[in-house]
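In the two complexes that follow, chain A is the common piece, with chain B as its partner first and chain C second.
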Partner chain A sequence: MTPRPRAIVWSVARHSLLLAGAAFILLPFVWMISTASKPQTEIFTKSIHFIPHSFALWDNFATAFGKANLWRFLLNGVVVTVSIFVLQVLIALPAAYALAKLRFAGREVLFALVLFCILIPPQATAIPVFLLFHQFGILDSYAALIVPFTISAFGIFLMRQFFKTVPDDLIEAARMDGISEFGIVWRVMLPTAIPALTAFGIFSVVAHWNDYFWPLIVLNSEHLRTPPLGVASFRNEEAGTNYGPLMAAAIVIIAPLVVAFLLAQRRFIEGITLTGIK
Partner chain B sequence: MVAPAFTLMCLLLLGPLLGVIALSFTDYQLGSPQFSWIGLANYQDMFGDRVFWLSLRNTLTYVAIVVPAAVALGLAVALLIESGGSFRAWYRTIYFLPVMATLIAMSIVWEFMLHPQFGLINGLLHGIGFEGFSWLQDRRTALYALCVIGVWQALGFNMVLFLAGLVSIPRQLYDAAEIDGAHGAWARFRLVTWPMLGPTTVFVVVITGIRSFQVFDTVHVLTKGGPSKSSEVLIHTMYVEGFEFFRSGYGAALTVVFLVFVLLLTLVKSALANRGVHYV
Partner chain C sequence: MAKIELNGIRKTFDQTAILKGIDLAIEDGEFIALIGPSGCGKSTLLRIIAGLEPQSSGEVRIDGVQVDGIRPSARNLAMVFQSYALYPHLTVFDNIAVPLRMRRHSALARMPLVGRLLPGRARTEHGIREDVERVAAQLELSALLKRKPGQLSGGQRQRVAVGRAIVRQPVGFLFDEPLSNLDAKLRVHMRAELAQLHRQLKATFVYVTHDQAEAMTMSSRIAVMIEGNIVQIGTPAEVYENPRDIRVAEFVGSPKINAMPGVIREDRGLEVLGRQLRLNTTAAAGRCTVCVRPERMELGHGPGAIAGIVTHLEHLGAEAFIHVKVDRIDLPLLARVSPDQQLPEIGSAIHLGFSANAVRIFDAAGKRIDVTAPARSERVREKALG
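Moving on to the complex of A and B:
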């Protein structure tokens, strides 16, 4: 059976439009890789070519790693994002369990507060939290990067919604076995919540790996810089002259998340669009 | 069980939120030993300051460009992807890529693409016989260049939200519309898809709006609000006042203005959600 001509025309139109859009979306990525592969002389020319005449990607990577402490920035990114996520889980899970399954005075008020806190944009609290940290003398430290995000109202809300669906029988049985309430959180509830927790983990790690505003405010020291701050300061030091290594550094900074995304697309899209289910 | 979470919530979210409002009525500066309550003086300063009005106007312009463009394009891409069977996952992945990629790193790539002499964009324009621009160094174009980057980044996120909304529309509705005489793609869209997507659209508009009000990264790295304040935006002004000049009280007043806009958007969302936008 041959498809009708109209269907073919529509299919061609669909792909042409989507490909045109995809070209716009991919252009910066392609140009980044192309520039990172070119020697200096090919970058500062008016003729446009995407494929470099002589391939200088490894030289540019070497220069980037030599001039900027990229390994350190990546390590800082891992330390900060992992610490934030672990602390978020440690603090949010018991609260989510209590809000979902325990009866206590003020539960409804507390849940209303959680819902309210979700709406507070991070920029709104920046000045007071900065002053607080200044008072405690913990600016310019890992603690300053991590502590403000240890409380995730959204994480509490998300896990509470999930725990609501866990049958009460499961919890009753655990209590019969003499497991403490905290034991129930970690040994009964946590294992059932792995899918929701994975999605939240991706959401949290992506948000804080890419965050620029808060690290910019609290950091001075070079050795504490997170990936976005690291690449931004590399750019400022190079003052727009050394684009090959700069693009190579940009590749290094975005690579961990982009590679992880390409390997587990469905999970990442679920995680990032979590805010969409509110 | 809830004690740690409750304590941190008060200390890091609710307290600072009240704190920022209180601070906006003081003349506190970081490092100064004392401060005094000065009532609305910060707000009076702000409303008398040309930079504040420029900043507010630029922010609103940014929002007014990025929100419609990123929502309409996100919807268009989602509809196009859904309308056929082939290469769905490929397109979805490509369009979602900018959401994942660190915006600061990609801003630096955009900066090079917009380079007046050696940039790709001007190179392409020359190729088809146009004069290029000094995009980020020209007060006529700087804000619009930032808008393009904003749309580039937000489009894929909106697309995914619309795709989720499209999947949840029951197929029978299309069949029913067909029986009632709705032939052709436009009729199906107007009678079924668009009304059924109502709640998704409201949500996407509001979340894109809130994110656009928060625009900071691209501004700080690429233009610092310049040239001559032509791309100055609210959060960047707040950053400069609060964290470069350490005028905490004045920065707090700017934060309150920002909060009012975010609150307005949230109210619009809940008002529309309660009216049941489903079958407008």
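Moving on to the complex of A and C:
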């Protein structure tokens, strides 16, 4: 019975450490919500207080929605992320199927090239792609936001690894039943790959919803701005130093991802354990 | 219904020869079993017939038509896989309906959403429903049509796989070890069901297995494949009683046939373990192997009986196996006896004998040697003369 008190001490220490870590990570979010709930006069006080003395969240939301077209930014975010994901799937699935299940000369070399592409950071190709799009004259458009991400080397790699685990018998049964090779991709492989596809979807949507770098480079028009860019411009031009509405706008743009996470928490965790990364 | 002919089928993977020139004519409506140890190429041969694997050389003909280069689905054969290969996301009904939908609907009608609007689709779909339900009733799957494969037992999945194969009425069926994932009891049951199905459909069945009990009980002919060659083709009784090669003799039959070293003498007589057999052969003198099935071994003394020590007994209820260690042979000899009789004790000395017609002799290369018993009438006459 002697180790009992020591176990309690250890347990307390452990939990305090974890709580401290959690608090550290949550603090910016709490600060954002707190700031968004304060009137202008309370934001710039010397004393730190999380609970606002006068609750101004709804006013700040109203100001944010009034000053900038937040709905438009959210819509742009949805259009861009959904288009990117759909196109990525259309390209990655057949490619992954070929790399995993078809036998052809040079398959391993191609796969090595795909792996190599994962290593190239998007910033490295940003300037050449920008110049190319300038030549095509598609800068400052939805196409400029979507096209560079339609071929996802990571997506091809992830789906290829998953397809490797699908038994060959299933594919051969499909061939005997008269399903074409493309039919096999969509009718047989896609339904069995839903968990992997969900994982990939999570990574893709989160990455492109939050992407700041590329939209900043290719966009000029305000009506095409994606949510992070919209909020950033908000700070510079629209709201000036008015941090209340700015934080309220930040809440609005992260809300879809937070809600999606809460709704599909189990899938998120499954997806991330499946891929074993991040 | 179809006759399947294979002429000079060869297959090499990276310079390893898997099939070394297979010639085989499978008659219309026949149930032929391809058996052999694992790695003998039997599954590869089946996949070549199906069109899932291209052969390196040789040709496959179905009903006289060369089908090389024709897609698997166009060969009008159905295949049942060892893992059943059911579509995990589809219900039993949809699994069985897939081959019909792929055949009867146009590509446009198979499209999601758009297809539903096409005229005539509903009528075709109705026909498919009738066919699927007929097959499901035949295989006693009617109650399970709405389930997914994951909710079925092994035997039920097996029946769904068979249903998917028979629903489009192909000319031939290919089975790739379809029962090996089932437990022993179910396997015996499904054996009877498949044999019954063959009698009903009267279609050509090609059945790959390494389980000789399946081959012996269901098929009208057995082709024994060893190391990429068909070594012998014949009825189950023929292959069992008259193996043309020692590898066939050893592969077919469980427990394994007893093999003993023997000698063909210059005077055409035969000896085994130094004892003379009352048999003659026309083969050249030299070493040979004398084989006797365990059930043809007899306990007790007699002319030419072999002495040994009982090392192990296996009592299986309906029969018993006696393992007898004999000098100069590594493996113990096996005798399969009725358990009614008094079984010898382990460690006791025993004599084993066998009659002349139980003996199968193979030369040093493993080929069967024909032997003749000196005609009894001749011997009688000799005696009479003497």
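Rule of thumb we're sticking to: the second predicted complex is superposed on the first by the 260 of 278 C-alpha atoms of A that agree within 3 Å, B and C clash if a C-alpha of one lies under 4 Å from a C-alpha of the other, contacts with A are read in each partner's own complex, and residues count from 1 in each chain.
The criterion applied here is as follows: a contact is a pair of C-beta atoms (placed from the backbone, for glycine too) under 8 Å apart; a residue touches a chain by one contact, two chains touch by 3 or more.
Since the structure is predicted, the reported quantities are computational estimates derived from the model, not experimental observations.
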Three-chain arrangement built on chain A, chain B and chain C clash or fit: fit
Contacts of A:F136 with chain B and chain C, given as first, second, both or neither: neither
Which of chain B and chain C A:I179 touches, first, second, both or neither: second
Chain B versus chain C as contact partner of A:A250, first or second or both or neither: first
First (chain B), second (chain C), both or neither touched by A:P191: second
Broader residue contact with chain A after superposition on the shared chain, chain B or chain C: B
Touching partner for A:F55 - first (chain B), second (chain C), both, neither: neither
Partner chain in contact with A:I25 - chain B first, chain C second, else both or neither: first
First, second, both or neither for A:L170, with chain B first and chain C second: second
Shortest CA-CA distance between chain B and chain C [superposed frame, angstrom]: 18
Shared chain A surface residues [contacts with chain B and with chain C]: none
Contact footprint of chain A on chain B as seen in their complex: 1-2, 4-6, 8-9, 11-17, 19-20, 23, 30, 73, 76-77, 80-81, 83-84, 86-87, 89, 91-106, 108-113, 115, 117-118, 120, 123-124, 126-127, 152, 155-157, 160-161, 164, 203, 207, 210, 214, 216-217, 220-221, 235, 238-239, 242-243, 248, 251-252, 255, 258-259, 262, 266
Residues of chain C defined as touching chain A within the complex: 47, 50, 52, 71-74, 77-79, 81-90, 98-99, 102-103, 164
Touching residues on chain A, where the partner in the complex is chain B: 10-11, 14-15, 17-18, 21-22, 24-29, 31-32, 35, 43-48, 91-92, 94-95, 97-99, 102, 110, 113-114, 117, 119-121, 123-132, 134, 147-148, 150-151, 153, 156, 181-182, 185, 206, 209-210, 212-213, 216-217, 227-229, 231-232, 235, 240, 243, 246-247, 249-250, 253-254, 257-258, 261-262, 265, 268-269, 272-273, 275-276
Chain C-touching residues of chain A, taken from the complex the two chains share: 167, 169-170, 172-179, 183, 188, 191-192
